[in-house]
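Chain nomenclature is as follows: A, B, C and D, assigned in order of appearance, with residue numbering initiated at 1 for each chain independently.
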Amino acid sequence: MTPMSGYLLLSALLFSIGLAGALTRRNAILVLIGIELMLNAANLNFIAFWRYGPHPEALTGIMFAIFSISVAAAEAAVGLSIILAVYRHSKTTDLDQMNSMKG
Amino acid sequence: MPEMIDQIFVLLKHWLLAYVPAALQPIVSAVLSVVPVLVAFPLLFAITTVLERKGLGRMQNRYGPNRVGPFGILQPMADGIKSLTKEDIIPRTADQVVHFLAPVMLVIASFVVYSVLPIGKNMVLANLNAGVLFFFAVGSMVELSVFMAGWSSRSKYSLLGAMRAIAQMISYEMPLVLASVVVIMAAGSLSTVAIVNMQAGYTGIWPRWYVFTPWGLTGFVIFMIAATAESNRCPFDMPEGESEIIAGYYIEYSGFKFALFFLGEYLGMFATSAMAITLFLGGWAAPFSFLTWIPSYVWFFVKLLIIIMAFIWVRGTLPRLRMDQLMNFAWKFMLPLSIINIVGAGVWHLIPAGFTRWLIDSLLVIVSCVLLSRGIRRGKSFHVRTYRFAS
Amino acid sequence: MTITFLLLAATTITGTAAAMSLKNLVHCVLALTLGLVSLAALYLQLGAQFVGFTQILVYVGAVAILAAFAIMMTRSAEPAVLTGSSSFRVSGALIALVVFAVLGWAVWSGTGALAVLGPEPEAPVNEIGVALMHRFVLPLEIIGLLLTAALIGAGILAMDETRRTK
Amino acid sequence: MLGEGILKGLTETARNFLGSYVSKDRLTTIQFPEERLPQIEATRDFPFLVYDGTEWEAGLRCVSCQICEKECPPKCIYIEKSKDKKPDATGKLQFYPTTFNIDISVCMSCQICVEVCPFDAIKMNVEFEMSSEDRFGGLLLRKEQLAKSNEYYNKIHPTEATAVDAALAEERAKAEAKARQTTEAKAATPAPMATPEAGETK
């Protein structure tokens, strides 16, 4: 087992944890956190590939990770404000109860 | 000879390391570097508390503490013994684990930031490539510990205090980081050591500190205001407003944990002040070229003490800001001004050295400052307040 | 496969798994912070200093705090009554397991081809800055635009409805 | 101009800071154990019992009428009345308190006991340094701790004490005169007393 496969396995595990959380948890905030975890798993992959890839001097993996982190931040901000707005309407953050189309 | 006194601590460390077997050297070296920092700054904290209380007293025409030891200088010892021997009360409904972890995390985060601060020439714990970024990243962990403390106490006051503190810290972190961007632009490095080395030279007898430029001065002022808000000090002490929510997020803490919060808060203040010194005031560099014979660490601590004095002075003078004033000030004045300041710094580097760039940069800053201050006042009528019961 | 890697991987997995399974949402956020910090430490171990610090700054300093704020403002800190049917939860976990199996198989079978193990690459902040300003200047600008849009959009979304209509 | 008021405030505090080192008049603090403000005459804190003469036990003015005990709002006075009578300072037979306790940790210094006392036996003290290490018994003052001489009373509240002494002297003189009168009347007419005299004494 090479060092890189360790990182890749870890990232696969992280991705699955995020996916499981996003699929099974009912709270909207936790679903968002699960999605963040999946993004992080991808970031770990980028860094691992940059570190053990053939052209580390190109910095592509690092750049992708940086951009992905900033996109994740924007996503978290917008997602949480959407959750807040929804909460103001329906007084719940439980995704199962957000089933009404009426505002 | 001055060179040797300047480097005496570094030499001492190397001399001691020579007696240690090679296998243990990395660990011993780390311990020898970390322990002085762990001793020096809490000591500074002790000195600051007594100085602060005495200074505030004098500003209000009181004596301040003057009983314990000569002139009251042993007061921090008495305080320390008191807080150590006090009963440690944990509220029954509190989240025990989080309640315990919060002060620990705060103190650890406050100590870790010192690793990138150059205390003297060749005296820095870790010369990181991205030192400034590290400083702000670890500094942001303080917010989390504040949230932990406020939430785990299960008290309305502490939760309110924590929410206020976090809102304020997040709002003021932006100007804090943006104000330091101008220095990073000028130095071309995120390493604190490199930034100080850039400022350590002299033109004639005058130092090349970044504060002696229009953008540097603006950045320094913004940085200091934001640092005051970051460390929750007066006039930005809304989160712990004694008169409304008693002590804010650490209301439910007593004894040693309370002391830890107190320590963490002061350590945070020292760290941001030290960062301001590193970024704008030339770090350990002497203010004049003919004063370089005084050791670098002395200069660092002198500057630090001067900034602490300024903090105390401001605390003794200004009343507390209201929440809306606080937020308006952060988002409508500090943030735009710091962005304009970055533009100003860019313009400065484009124009060749001379009088023109001073003029253009100063004008840019002053005009935007005036316009923004007008904007923040718009829609508000300031009238002389009259008091019914005062003559 | 050093001991540090194993330790950091263990804390990452513990933290994130706790974040996805604890009942109390605030505990979830705190566990998430632990996981993300150890992930940042993994980045540092891989030599990506800048990304590691950015990770701490963004995730601990901003995302975790934002999530905590959202939890406080939606009053969902107390564990809610579980409403979802258990079969749904089981199927969700099964899907995740299958995904992990597929990914794991791909990693196991595919990395043999990529055994390039050069010396530890350097990623000085200077070079990252230069790259951001030259090769990656367009993505940088777009990210800036995106962040501005997100800032304004999030502000408007979270604003009081009564104030928005005024 | 933004920040003008801040600068004004900063100069003010700086002036205070420096001034407090130059002129002592700025510092209004009295450094307590060494320096003390003179007490004003109306100072009062906790009650004490006045005795006449030199023997505190014999000279207590208190006749154990228990009015103060009943009137005390926080009920911090505890009196046990004696079974027998003893002559007081003037030689008249009176009841006396076998126990007279005041719990000054409860006392609120309202002075009602002083107001209601018909014998001027309880007065307000000025002594305030009474801290005690004994949490339960230390602040429960007993008869022997409460008894203070009339001279002490004259010292701490001169004006008031003079008035009280004068009133007491007058009363005694009146009582003596009356006693003389009744003995004289008794000598003159051995017949039993009539009702108008009883009315007169009231």
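One rule holds in what follows: a residue touches a chain if its C-beta (ideal position, glycine included) is under 8 Å from a C-beta of that chain, and two chains touch if they have at least 3 such contacts.
The shown structure was predicted, so the numbers you read here are calculated from the model rather than taken from an experiment.
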Please name the chain that ends up farthest from chain A once chain centres are defined by their CA atoms averaged.
D
Distance from chain B to chain A - Cα centre to Cα centre, in angstrom
34
Centre-of-Cα separation between chain D and chain C, whole angstrom:
76
Quick one: chain A and chain C, Cα centre-to-centre, how many Å?
5
Per the centroid of Cα atoms for each chain, what is the distance between chain A and chain D, given in Å?
78
Which of line, ring, star, complete or other matches the graph of chains that touch?
line
Between which chains does touch occur?
A-C, B-C, B-D
Contact footprint of chain C on chain B as seen in their complex
98, 128-130, 133-134, 136-138, 140-141, 143-144, 147-148, 151, 159, 163, 166, 170, 173, 188-191
Touch list for chain B against partner chain D, complex:
55, 58-63, 313-314, 316-318, 369-370, 373
In the complex, go through chain C and note every residue touching chain B.
26-27, 30, 33, 49-50, 53-54, 56-57, 60-62, 64-65, 68-69, 72, 77, 124-126
Contacts from chain A onto chain C in the complex sit at residues 1-10, 12-21, 23-27, 29-30, 32-34, 36-37, 40, 43-44, 47-48, 50-54, 56-57, 59, 62-63, 65-67, 69-78, 80-85, 87-88, 93-94, 96-97
Given the complex with chain B, which residues does chain D contribute to the contact?
1-2, 6, 9-10, 12-14, 16-17, 19-21, 26-29, 31
